[in-house]
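Structure record follows, encoded as structure tokens.
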Amino acid sequence: MIKNIGWLTTLGLLPLLGALVIAALSPKSVAAAKRIAFGTTLAVAATAIAMAVKFQIDNVDFQFVEVHSWIPSFGINYAVGVDGIALVLILLSVLLAPVVVLAGWNESHGGRWSAKTFYILLLVLETMMIGVFSATDVFLFYVFFEAMLVPVYFLIGGYGTGKRSAAAVKFLIYSLFGGLLMLAAIIGLYVLSGKQGGHTFDINALSHLKMSSTTENFLFLGFFIAFAIKAPLWPFHTWLPDAAESATPGTSVLLLGVLDKVGTFGMIRYCLTLFPHATRTFTPVILVLAVISIIYGAFLAIGQTDFKRLIAFTSISHFGFITMGIFAMTTQGNSGATLYMFNHGFSTAALFLVAGWMASRRGSSKIADFGGLQRVTPMMAWAFFIAGMSSLALPGLSSFVSEFLVLVGTYTRYPVAAVVGSFGIVLASLYVLIPVQRALHGPTTPGNESLPDLNLREKFAIAPVLAVIIFLGFYPSPLLKVINPAAAHTIAQVGFTDPAPRIAQVGK
Amino acid sequence: MNAANYLYVSALLFTIGAIGVVVRRNAIVAFMCVELMLNAANLAFVTFARINGNLDGQVIAFFTMVVAACEVVVGLAIIVTIYRSRRSASVDDASLLKR
Amino acid sequence: MTSTAVVYTSNSLVYLIALPLFGAAVLLLAGRRSDRWGHLLATALSAGSFGIGLYQLSQMLGHSNDQRVVTQKLFSWISVGTFNVDAGLTLDQLSICFVLLITGVGTLIHIYSIAYMSHDLDRRRFFAYLNFFIAAMLLLVLGDSYLNLYVGWEGVGLASYLLIGFWNQKPTYATAAKKAFVANRVGDLGLSLAIMITFATMGTVSFAGVQEHVGQASTGALTAIGIMLLIAATGKSAQFPLQAWLGDAMAGPTPVSALIHAATMVTAGVYLIVRSNFIFNAAPAAQLAVAIIGAITLLFGAIIGMAKDDIKKALAASTMSQIGYMVLGAGLGPAGYAFAIMHLLTHGFFKAGMFLGAGSVMHGMDDEVNMRRYGGLRKFMPITFATFGLGYLAIIGVPPFAGFYSKDKIIEIAFNSGGTKGWILGTAALLGAGITAFYMTRVVILTFAGNKRWDEKAHPHESPFLMWAPMVLLAIGSVASGFLFTHGNSLRNWLAPVVEPQLVHQSELLSPAVVSILALLLVLVGVGIAVVKYLRREVPEVAPENVSVFTKIARRDLLQDDFNEAVFMRPGQALTRALVTADNAVVDGAVRGVGRLTVGTGNALRETQTGFVRSYALWILIGAVGLIAAIWVVAQ
């Protein structure tokens, strides 16, 4: 039926193919499963980079578009395509996947099920991630959005530590609740589109719908709450620390680094473009929530005693920044937020992977159990330190560019939010330096004397991540060039233009 | 004769049956009361068929009889089995539906 | 840069930064393999950077004074919408002063450290950090926009953090490093807000662009920018109220204290203010705030300096006080910028020299820092004594040493800034000079004069050549630099294109001669009191406890830490604990509550499922009757 398979479909099918190969292996061939999984993720990453090279930067329409009829009676299509924002997030997903496989080479051991299952789940998840970012049909997006929960649920519940079952159930139910609201809103859109020239789920067509402001507000909220849970935004955040604490480090990287981005990505792609008026109505409330997230997440991070929970709370603070940038409605804010999503993925990956190695060596992820690691394991300490510096947005590292763009972009339109939010940068220094001091500095505490330093595999896993963090800190242009047109297009769609400098306003 | 009188009889029978199901403990009696309710319904159907002058009600009455026959077979079998194992046909002695 | 200025481009500016950055990268990546030659490479690269700086200076001298600006654009760094920032460098008359100070003093301190750190297992890492610091500091002064400056600004903060915590196995040192970083971050918050306001107001963040548009901006916005820049400066330059970290920063190895926490990094705030002169000139309120902060800090630091027994902490308090002078000078507007920079440069020489001297003393005294355990060291360390003494004469402002020229000028301009403001600022500065004389004399007497108060185990000895040679060079600077900078108004004229000093003479409240005489008198009084108190009397080896409450407060750094702990740290910790509890109990409690509610409802409803056929039958009957009743009601 499908004669020519496009780039995005190929990209999505590759991991599935890998999963099928692994499924055909005998249960005992663990090593082969790992190698195939790693090879598959590498191949996907290479394909994605090849695709990104062909991306036309100046074109603001969706590219690599494929449309095939799926359920014609409801107007549902298999429709995929990417703009700059989606492309960057797909790149993030496919680049992190091989890192996660390599870094967590032994994560699948000791799980409830076999290592084979672990890698099958991981690869299926990769397909879902690619799908969710490239879908241009709202129904297709919804399917990926919900189906993505399944592999994550099993990854947390089957291979995690501690209260993994409870955490997995909390994650699943919380996300499903949001998904349900979104489903209701999608059905609402569908009904509206039926009244205005034919049922469709096409995002471009839906963005031209006319609706009363009440309807628009309700539909907006349906989408927004789902995304706010996913992102997560205060006060919908409490599933994240539990999930991150229980999941394996690799799963946590994908969870915090990629899956949560679906929330912020959804805000840009669906909330902003489908409901521009409601966006304007709710912006003040959302900015308040975003600023609360920044400050609240930072304070909570300072108060944590467990590395994994700490990193989860830092992410809540960072997602506050991203949301603030999105709803600042300036190109700087929007581009900065998208770049922030990419950079946060890498810096959190670095933090979580190193914290995971520390925890697996020490048998505990309590900060108090560590001490003086810089003497014992200098490489690991350096990796953690650089990742931490990236988390606190040190200039010269990638997060700085995005965080500053978000702040500048927000300030030009909403100065108060930007000023209050920027207190997060002071708190960030505390939540990074306090664990650095406790775990890396000071005398080596009992139980840490003979921890081994990073091995070759771990060095190969972390080095590219840190290299990306440093490189993009000095030269973010390649990504910004891809993001800028899409961000500007989004802002224009909502009907905003960047505020002119105040001196120019006086001139008028 | 007024057709409505048949309906009154049907309602009376149905009520007797319903009360019987609720108040009697013996499973056989309760079962017979269910049959009584079914037949009350049949009577109503037939009456309506007569009033409306078509055969739909009679057809349904036949259906009901068939179903009732099946029910009697299965139901009695269950009651007999329970009686054999418990030496009692009181419905209040068995709360197996709870688990 | 006036409109007629000719701007040259150069491709070699980047190497100023690239050389030390390369050194840091090599030393950190090569690891233990570079232990044997790492320090030599680092020193050579720092010297190479100094060489490029000298070459640039010679190039600049070849042009007339309005054609000396050199720029280099490397690449477009951040470009989104109208927010465009290039990775660009600008070398002008102001930044070349800093380049030479940073690389010159930096190279001397590299050389000194080769010997000072020779027994440390991690010497290579130390040199890597030093090189990194040089690179970051050069970026700070060479960046052509506020955002580029910001990168260097935080880069030096990171270097400072790493070097203060160089011996972070000791928990107090690790805490000191963290404290410095966090205090600096508060300042950085000011800088980032300043950049945001600048962009929102003028649509650009480059120095040239801001200078061009500054006339069109409202005074309110400029005042806000100025205050934010001042907050940034107080963080980095340890000015009131963000000064508390500097004393603790002495946990770092002494060469670090000399380079970063005396000569270069802590003066970055002064650079920022002078660089932003066009903003402060247009925002008098912010400018006055700068002057007031400077005056407060110069007294604050001086008072702490009087009470410290730790030689490094006494010098750190002195640094704080001297930077107070610079900030005061910078806050006095066009008349003061050149002298703020002059004091910055002369201070770079004499304070670095004295810190190295203190390091030399510690080196000879088994790392003892308590001056009450020194005494009579001049016989054992003649070179250290001589160089330290020259620095001492320079800092207290004895003519013709460097401090006399730079400090007296700032006092004079403070007096002449007009009205009550002039009287208050001038008096504070004058008073500071007297106190400086007292505490510096105290340091010299306690260390080098009097009876020996050290253990028999200590064997004080002069430091090796590699250590005293830099000290000698810096001492020469302390002696000569003031005269050189003042001779024919050389530095003032040199900086004129950047800071545009008002050459029109202001109404004189006090003439230069009067100020000099007053200052010298106060210096004499300060020296005299110190001599009476510490040379004529026996110095106890343990600090006496029965002292006035003022001394006690001064020993506790004027309660700066107590204040910060009571106002920020403890409430912050309490808030954190409260939020952690609340998050668990309230926010997550609500989520768990919904879960429990669902399960509870299910359990309650389950009770109706008795399992008895007759109850089900009854329910069915009730339901059927209810249904019929409902239909009946509706049908009515």
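Should a chain be cited, it is by its letter among A, B and C, assigned in written order, with residues numbered from 1 in that chain.
Following the convention adopted for this analysis, contacts are C-beta pairs under 8 Å (C-beta built on N, C-alpha and C of every residue); 3 or more make two chains touch, one makes a residue touch a chain.
Small disclaimer: the values here were computed from a predicted structure and weren't measured.
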If each protein chain is taken as a node and each touching pair as an edge, is the resulting graph a line, ring, star, complete or other? line
Is the C-beta contact count larger for A-C or for B-C? A-C
Indicate the whole-number Å distance between the mean C-alpha point of subunit A and the mean C-alpha point of subunit B. 62
Geometric centre distance via CA averages, subunit C-subunit A, whole Å: 37
Note: subunit C sits from subunit B at a C-alpha centroid distance in Å of 95
Multi-chain contact residues (two or more partners), subunit B: none
In their shared complex, subunit A is touched by residues of subunit C numbered 75-83, 87, 147, 150-151, 153-155, 158, 165, 168-171, 174-175, 177-178, 181-182, 185-186, 188-189, 192-193, 195-197, 199-204, 213, 216-218, 221, 575-577, 579-580, 583, 587-588, 590-591, 595
Residues of subunit C that touch subunit B when the two form their complex: 609-614, 616-618, 621
In the complex of these two chains, what residues of subunit A are touching subunit C? 170, 173-174, 234-235, 237-239, 296, 299-300, 302-304, 330-332, 335-336, 372, 374-375, 389, 394-396, 400-401, 404-405, 407-409, 411-412, 415, 418-419, 422-423, 425-426, 428-430, 433-434, 436-437, 440-444, 474-477, 480, 484, 487-488, 498-504, 506-507
So, in the complex, the side of subunit B touching subunit C is made of residues 18, 21-22, 25, 30, 91-92, 94-99
